[in-house]
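In structure tokens below, several structures.
Each of the next two complexes has subunit A plus one other chain: subunit B in the first, subunit C in the second.
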Partner chain A sequence: MAREGDRGASGGAEDDPPIFNAENLQSNIKSIHYSRTFLSIIGGVIAGIWGFTGLTGFIFYFLVMAAASFGLAAKAKFSICTYFDSWNRIFLDGIFGGLMSFVLFWTFAYDIVHIF
Partner chain B sequence: MAEDLVLDTAIRDWVLVPLSVVMVLIGVLRYFVSKLMRSHQAPDLKVVKEGQVILRARNLRAAAGFIPAKSFRSRKTYFTNEENGLLHVPKGQAQNAQAQMFSDPNLAMDMMKKNLSMIIPQTLTFAWVNFFFSGFVAAKIPFPLTQRFRGMLQNGIDLSTVDVSYVSSRSWYFLNLFGLRGLFSLILGEENAMDDTQRMMQMSGFGFDPSR
Partner chain C sequence: MRIGFMVGILGGILLAHAGYATIQYRGMLKIVEEEFSRPPMNVVVELLLGLAFCIWAALAAPAKFRSIHPDSEENRIVSLPANLDFMIFNHRGKVFPCNAEYKLKK
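Moving on to the complex of A and B:
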């Protein structure tokens, strides 16, 4: 995860509306994207090895994503506006992008371990 | 509950793994080839100037709450003045962004090169998969699907009683195609993988006419 200590995105004058440093915001969003992708891949392999099938696997995926969101929020010390421009960035962004990678690695691991 | 097929280990060794490895390698190759082939054009002075003016106007818009109203208005008039405003374009003369894009030959060539570099490896790999890896069950997807997907997923398999979860290698190819995007963005850095979906969205968004 990127060091978020010195990556505050909104700063400057504290009147409303807050302005955002676009570069830092972009870098934060990128780090969220990377961690979600990585976690989908690892989650897919785990789901395959444990032999989840059907709905259980998808529930596992959303659990992993929720844990990731919680971890990201905790890393941002729960003050989202310091690092991002909206709550949706942490919670919803990139979930469906990671779904395809999850399914691929889930299928792969499941087949290698259970079918072959 | 459907019967559980036992598949030959050789399928795993010689179909699943090589297909994935080949697709990863082709993606990496495509990335490096596109990097080498990217023609570096010297930026046009006029275009750069226009870009900077637009950037300045955008900053003005974003930070408008922080300056006094009078200075905001005077800056705004500087940009949009009828006679000599920097950003003022008379109605009807504004070029459609898409037309502009196609009239610039370098840009069009770049786009065509990128499109080709995306399409050709995909087509070749698909043909290779179809030729070598057809006619047998390749993998089992861990979630059940309805019967309607049977035609799409079980393409080379001509038995209609096999569970839809057992798919042919063509569907393994498509699964890899979509799933490896995330992997590419991790190993190649910075969303270089599969820009085509974003670019397709851009191209469809250029249909609007700015003079209206």
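Moving on to the complex of A and C:
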């Protein structure tokens, strides 16, 4: 996205792309990434301890991610445009990256609790 | 942020305890030769409580969200730094419209 810029007032009507404070945007995106990664790991451990197998585990993961998305939207006081440049940052980014961590810790916890 | 970490650690401890309780429950099931279907109800409650604590910690512990609008109230530069020798004021920013109503923030 070629819309980054550093601090400065948005100009008048001739300024089409909006100017963002790039370092704050990056800090916000990192914060979301940490939250989602941590919750993927915790969700994996819980799914393993609970004994989920197959599709149930993935449904549990998407439920945890939906709760995380709601929590992140609440943290941004539901005015996403003040803190992010698009809605996708809150709702879609990081979900499939977290899926790998979830499966890893799910199998790990399941093995420890139910097999060994 | 500190209390976020504490709550997260507490959630982790709850999960570890729930895992240990499930291991013992399975050991007991092996003795009475029954199948494992789901953990006992207190372990399920403990897991959900640990999940709630960890969700709260995951939202509270990382950095607060900062506004990305350059002209929002919290992004203002409210005072000049002490060393003005290297500050240049004759730059291209002069084409931006000037907002003369800004007052020094108390």
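Just so we're on the same page, the second predicted complex is superposed on the first by the 98 of 116 C-alpha atoms of A that agree within 3 Å, B and C clash if a C-alpha of one lies under 4 Å from a C-alpha of the other, contacts with A are read in each partner's own complex, and residues count from 1 in each chain.
Going forward, contacts are C-beta pairs under 8 Å (C-beta built on N, C-alpha and C of every residue); 3 or more make two chains touch, one makes a residue touch a chain.
Predicted model only: the values in this text are computed from it and were never measured.
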- Query: Sharing subunit A, do subunit B and subunit C clash or fit in the superposition?
  - Reply: fit
- Which partner does A:Phe38 contact after superposing on A: first (subunit B), second (subunit C), both, neither? both
- Task: Mind working out whether A:Asp85 is in touch with subunit B, subunit C, both or neither, as first, second, both or neither?
- Result: second
- Applying the touch criterion given at the start, work out whether A:Ile112 contacts subunit B, subunit C, both or neither, answering first, second, both or neither. both
- Message: One more residue to check, A:Asn24. First (subunit B), second (subunit C), both or neither?
- Response: second
- Message: On the A-aligned overlay, A:Ala76 touches which partner chain: subunit B = first, subunit C = second, or both, or neither?
- Response: second
- Task: Between subunit B and subunit C, pick out the one touching the greater number of residues of subunit A.
- Result: C
- In the overlay, subunit B and subunit C get no closer at Cα level (Å) than 6
- Message: From the superposed pair, tell me which subunit A residues show up as contacts to subunit B and also as contacts to subunit C.
- Response: 19, 30, 34, 38, 112
- Parts of subunit A lying in touch with subunit C, wherever the complex brings them together: 5, 7-12, 19-21, 24-25, 27-28, 30-32, 34-36, 38-39, 42-43, 45-46, 49-51, 64, 67-68, 71-72, 74-76, 82-85, 109, 112-114
- So in the complex, which bits of subunit B are touching subunit A? 5-9, 11-12, 16, 20, 62-63, 65-66, 139-144, 172, 175-176, 178-183, 185-186, 190
- Query: In the complex of these two chains, what residues of subunit C are touching subunit A?
  - Reply: 8, 11-12, 15, 18-19, 22-23, 26, 36-39, 43-44, 47, 50-51, 54-55, 57-59, 61-72, 75, 77, 93, 95-97, 99
- Note on the structure: The subunit A residues in contact with subunit B across the complex are 13, 15-17, 19, 30, 33-34, 37-38, 40-41, 47-48, 52-55, 57-58, 97-98, 100-108, 110-112, 115-116
